[in-house]
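Lettered A, B, C and D in written order, each chain numbered from 1.
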Amino acid sequence: MKEINKKLLENPEVFDFTVDSLGPRNIPSPVKDRTFVEDEERVLFHSSLSEIQQLVTEGKSLPSFEKGGPREKIFHDPCWTRAAIVTCGGLCPGLNDVIKGLVKVLHFDYGVSNIFGIKYGYRGLIPEYGYSPIALDPDVVDTIHADGGTILGSSRGEQDISDMVDTLQRLNINMLFCVGGDGTLSGAKRIAEEIIDRKQPITVIGVPKTIDNDLSFIDRTFGFETAVYASSPIITCAHNEAKGAERGIGLVKLMGRDSGFVAASASLSNSIVNYCLIPEVEFEFEGPNGLLKALENRFAIGKDHAVIVVAEGAGQNLFKGEEEKRDKSGNILKHDIGIYLKEKIKEHFNNTGNPQDEVTVKYFDPSYMIRSVPAEGTDAIFCFTLAEYAVHAAMAGKTNMVVGYWNNQYTHLPISLATMKRRKIDTEGTLWHSVLGATRQNDYFENN
Amino acid sequence: MKEINKKLLENPEVFDFTVDSLGPRNIPSPVKDRTFVEDEERVLFHSSLSEIQQLVTEGKSLPSFEKGGPREKIFHDPCWTRAAIVTCGGLCPGLNDVIKGLVKVLHFDYGVSNIFGIKYGYRGLIPEYGYSPIALDPDVVDTIHADGGTILGSSRGEQDISDMVDTLQRLNINMLFCVGGDGTLSGAKRIAEEIIDRKQPITVIGVPKTIDNDLSFIDRTFGFETAVYASSPIITCAHNEAKGAERGIGLVKLMGRDSGFVAASASLSNSIVNYCLIPEVEFEFEGPNGLLKALENRFAIGKDHAVIVVAEGAGQNLFKGEEEKRDKSGNILKHDIGIYLKEKIKEHFNNTGNPQDEVTVKYFDPSYMIRSVPAEGTDAIFCFTLAEYAVHAAMAGKTNMVVGYWNNQYTHLPISLATMKRRKIDTEGTLWHSVLGATRQNDYFENN
Amino acid sequence: MKEINKKLLENPEVFDFTVDSLGPRNIPSPVKDRTFVEDEERVLFHSSLSEIQQLVTEGKSLPSFEKGGPREKIFHDPCWTRAAIVTCGGLCPGLNDVIKGLVKVLHFDYGVSNIFGIKYGYRGLIPEYGYSPIALDPDVVDTIHADGGTILGSSRGEQDISDMVDTLQRLNINMLFCVGGDGTLSGAKRIAEEIIDRKQPITVIGVPKTIDNDLSFIDRTFGFETAVYASSPIITCAHNEAKGAERGIGLVKLMGRDSGFVAASASLSNSIVNYCLIPEVEFEFEGPNGLLKALENRFAIGKDHAVIVVAEGAGQNLFKGEEEKRDKSGNILKHDIGIYLKEKIKEHFNNTGNPQDEVTVKYFDPSYMIRSVPAEGTDAIFCFTLAEYAVHAAMAGKTNMVVGYWNNQYTHLPISLATMKRRKIDTEGTLWHSVLGATRQNDYFENN
Amino acid sequence: MKEINKKLLENPEVFDFTVDSLGPRNIPSPVKDRTFVEDEERVLFHSSLSEIQQLVTEGKSLPSFEKGGPREKIFHDPCWTRAAIVTCGGLCPGLNDVIKGLVKVLHFDYGVSNIFGIKYGYRGLIPEYGYSPIALDPDVVDTIHADGGTILGSSRGEQDISDMVDTLQRLNINMLFCVGGDGTLSGAKRIAEEIIDRKQPITVIGVPKTIDNDLSFIDRTFGFETAVYASSPIITCAHNEAKGAERGIGLVKLMGRDSGFVAASASLSNSIVNYCLIPEVEFEFEGPNGLLKALENRFAIGKDHAVIVVAEGAGQNLFKGEEEKRDKSGNILKHDIGIYLKEKIKEHFNNTGNPQDEVTVKYFDPSYMIRSVPAEGTDAIFCFTLAEYAVHAAMAGKTNMVVGYWNNQYTHLPISLATMKRRKIDTEGTLWHSVLGATRQNDYFENN
């Protein structure tokens, strides 16, 4: 973020905030009781007075996002609109809320009655897999918000872009909502571009899904808030197990491939964590500054237990020299830091020959128990609202974009921008400083 | 908000964003590993590009908040600092998190070791009540975040300002944190002003507490998010009860004296609500456009039940002509709309002589069951962080201010600004429109 | 119970444990992989060695229940069976589990494919109300166990017996499952007797529903366990509210018209309750032995709060002389002890003119929030199994009986026996003694 | 159970139900307001009328348990009593409730003021480990029931009996409460016997702890009920994950080394499970009757997902020929059936070369998340009451026994009887039949 901020101050033109459109909008919107939003309304990227003043002084443009919301004139004729929804990748709280939101807003606000759910991610757009779309209406989705998972099913991996566009054309779909993460959105981008090449009036709108909450130009992604809520009782269990044994260590692996937002937030929300390890902060395992020594230091001052929360992407430096593996989508697979810590900590303390050194490690890997719960409370609202803005954008004929959220406002941004760079925890900022304050972990690391 | 926005565009000078200070800061901050914040760093009030451009073009100043955060030089010497914390008014999720956060940050980041908890709100500052302050340290507050309520106790009502300042001086307190709502903050303001008059080096910092989330210059208040989460299962109960009876009506009264944020958000987060009634939208009870008719309309199309969520401040127009009552703090007491609706709906449907008209009303008034739960997840984090920024402000010698939150940044704002005007739901905005979309309630009201 | 025990020891013949049957059983049961139960298998009423020895010595018969379970030969031909299910009275956790269990066992174990749900209790059997039965099958009930309430709806009050039997005959129903409390079961008994008079081959089986768990010849009723679980967090809220105010009193009214099992169990399961008031133990309100004095005594020793749990049927002696009211079913309506205590406690302490005497009372009446939740865990299993035994009994042609549970075994008992007398808490037994031990409430009452 | 039942009918003398005592009881009990229990009061083992009649006819004795409860005269003088509590083995919901119950009843009912907690299981009784006992009183244990785990800590493995008895004597302990499973109780037995040999007036009472609920002469063990409750949401997560993927399989390993009560009960309480695998029912993995084929059969009829719940002790026959491992206490370690199924199912379906065959397996191993939660509701009450009866037995000078529960009554039984034989699920009984009815799993296995 800081890096991006700096670039945007120095050279705002580097980033292209312009959203693609299928064409001019002539149809009056059927949406009632709403203040319509003009395309010219934009949300400032910067929120700092001095940064704005600097740009103004230097005569530079002020970087900004297109503002989301209903347009007075729309592109797609509701009567002829056939919308499709696809959910891809791993589960995330709120998928069903997004589906429900899309269906209700399409149906009630715009009067769209042809809405289809694509089964099992992009595979559902490939005829060979043999999945038929399912018809969606407000009755079908009425209570799905109370269930975790996705009623459409999901899958991982890429599919042939051309084949998928063929399917959309064959089904007369003119509006595709893609709910998914990086890989999914890259796919959506290529679908949108292929459609533009074919000069088809098909809108492609992404709803970004990352439980890690790590998108650079989006303040918040759906499911993250629920993930933090759901992590808390598991940390309490780890604490109870740790307290229940001599030199007990409760070790919890949480989501976070490249960014530690879930691990840091969970550690702060249930502040009985003693060590929080995230990808943004490299740590040693052995040696005078290592984690083992930090654990020894804690035991040495008479503390009888320890709770460690580790993000799945943390400590990858410890695997240097090991072979790199990739998943179906070509992503580098992270080495399993949870299992590594569990085994190596046991090995270190329990093989000294001195029973006094022995520790008991209880390992928790709750990922699926967090991803599969329903979104609740304000997170559920966020899902519904994201879906609403996705529909407004789609009906207006926007394409190749995702719905974002910036400074409490819903925005449109090109897919390319959304997937450009991952957001990281600012290790000199509030969140991480609060985590350090709550855990006091640096008291145990020698070099701090 | 819209109104305030407009005023700030036309005449930014109307609002005074300047925060009071006790004096120059000479002491180097002991805070480590943080980027310090300069007083000149400010957070823009506006986030819309066009509004900013208009102000720039017209040569007007850009309204902005002082940015919160640790200062490189501080006013209070940690060694000599004696801090006090007081919690006032009704319970709200997160009070204990705020207390824990204040104590931990004072203790660990600044090395302040004299921290006191004032018992039972402002009464604890009046000697006649006979309450001694209790000593607080990290051990005392270690696990209080897991419990609802406040370990300090609370009370309502005003106390003599001069007496309270006498107590602070007698106890050598030079830093007072007041956690409370409108009345509490008004009290805090008068305490701060009395202290300035007496030329005492005592800092007064408010942490705004309103479960209704209705402060104009603050995006979010602590406890609100948890309140929305906690409301959801109660709405499900109301739904089950309503479905379980012929023409069953589940009626839930939620918090919201002047603004319907809790009621609207809860209705949207658990979208099985059929009517959501808020203070911002007047409604008739009888007559062709009234709620009774809207219920009849729903039953008439074959729906066998109804769930109504009503904010406590909704429908006050129905009590015109009735006597006005005030509470201890002088606030006008709202008429009890929940009981009114319960009784009047029964009266209307069950006295027709026709058994087919009869309804079953199940009434839920869960206020205390929501206020008294602990803050969880991201709401708990928000409490902790608010407390952290309150401490930074206090140590820097700021006073007569509250800690705010604006566009994802923590801010300082004068108490007078924070309590100036309540924020209301924009009935043409996203939240309310989504509620109408989820409930479809206007389909039942004749005039819509 | 003690009274009944004594009577059964002295004169076992007083009680008739014989269950009615429609006739001889000739059809081989299609149930697979089960040990069939003979009608001669019986479950002893007594479990005490000395009581059994006394009866044997005196040559008396040993009172016993017919044992439930699948019979090798059945009465009703599954092909021709048309079953109906009706749920009556207030909600109770587990109603949907019972419905699901009935449907699944009828369908899968016996191959019955005509199963109907009667809407809104006995009213659904009266043509004038105009409710059609709904068809039930395993798919319809597949996930209803996860929802509170009853998918069939319910109602209170009696209906004409003859009309209801007419309906059963008209619909060719030959098996009726009545899930409900005292009034419902009395109705079921009269329906069964009318059917016997009419010489119709229609089975009537009751599944006793009382969240109060107060049936004399049944160890446990469904929903009770969940009610105890659901009460616990509300008591925690009351505790938090009480602790949050000066001399705060958290007052919780729980279910229990004639017996205090829910109140006592909830107080023991979340043992932060200070006073537990139940119908079985009369208490004074004023005077030297009264509750007010007991509260004063608690405050006098420096305790700063109090939590009171009161069963709805407790303290009825305080209303002597007041008018008696009855509900639709003719039951005497209890006076509202919760409101009484709330008002009178406030009146007593807050009108002394001495501010030091003042208390803050927070009142909780969570009845609907407990009744409307789904049954969980072992309670859900209990519901399913009760339903299973109800089906076995029905298919065997038993009638005019309820499914019971005694000494860990499922039993058959005549409706007349089940509704004969309410079970009360033995105030010299374990449960109440444990409650007294947990609350220590007698330390505050003068006469103890 | 059936086997034991049969043996007890044929030859009741085989089993010794007699409980050891330290000596005659002369001290009047200080317990108030309770009906005292005579040692002659006994609880019948059998509850079936015919079984009792057969034994009476044959002139055999009726097997029975000594009934628990307060005795009018006690053995230990409360003034001189020094009690100790030790918790051993893995965590189980309710440990803290038992500790709280023991302390409160000792303190308030008997006036015992010297109560000690032994740290970390039997290790705390071995001086070399260096753990001092901690003093326990009602204030210390006041709120521990709300936390999972054990405030005393725990450990596994045996310690030298003689050393432990030396410690008890050195500390003047005359009452030891051992809360633990098989190994712990065997240890307690040997401690009690050593004490008898040494002619010391020290009571040893066991409180049996097995989350598996698998003791032959005890109907129910504490923590089991909570374990069933806690398993349910995890099964829902597995269901959501399974539904979310093509041919998704949610695989949940639950507790149950020798008996499948937790797995079977959890599958029945949240009846969305498709296969429930328990130790009592051997199953094949491959071949025409195997699990793989059963999964294929399910997919073949168009079901798109499967949820499997497997007890940790199930399927051990699949590991024939593999090496046997033992834990610290000498118990045979079960092979990890969860990992086996996960790996082998993937291997089978995902290596066919046909993408249509592929499955997605999501594996859940929530053991620690279940063991470490607090007991709730009726389970918490059960813990408290068990503790109460343990104290009554201890004060009466009983020893070498455990507190049991049989036919709704609390009993005393010799440790040797309690640990004699594990209880198994009766595969022709109600529980298992209901599980088969809920899962319909035999429809998928060829041989059924």
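By definition in this document, contacts are C-beta pairs under 8 Å (C-beta built on N, C-alpha and C of every residue); 3 or more make two chains touch, one makes a residue touch a chain.
Given the structure is predicted, the values throughout are model-derived calculations rather than measurements.
Asks: Which contact partners do chain A and chain D have in common?
Replies: Both chain A and chain D are touched by no common chain, going by the contact rule given at the top.
Asks: Taking each chain's centre as the mean position of its Cα atoms, how many Å separate chain C from chain D?
Replies: Computed value for the inter-centroid distance: 29 Å.
Asks: Just curious, how far off is chain C from chain A if you go by their C-alpha centres, in Å?
Replies: Each chain reduced to its C-alpha mean, chain A and chain C end up 48 Å apart.
Asks: Give, as an integer number of Å, the spacing between the C-alpha centres of chain C and chain B.
Replies: The computed centroid separation for chain B versus chain C comes out at 42 Å.
Asks: Counting only residues that touch at least two other chains, what does the list for chain B look like?
Replies: Where chain B meets two or more other chains at a single residue, that happens at 236.
Asks: Sort the chain contact graph into one of these: line, ring, star, complete or other.
Replies: ring
Asks: Contact residues on chain A for chain D in the complex?
Replies: 91, 120, 123, 147-151, 153-155, 234, 236-241, 243-246, 248, 304, 362, 364-366, 368-369, 371-373
Asks: Which part of chain B faces chain A closely enough to touch in the complex?
Replies: Answer in residue numbers: 33-35, 40-44, 46-50, 52-53, 56, 62, 64, 67, 69, 100, 104-105, 108-109, 143, 145-146, 219, 225-226, 228-229, 232, 236, 265, 268-272, 376-378, 380-381, 384-385, 388-389, 407-410, 428-431, 433-434, 436-438, 440.
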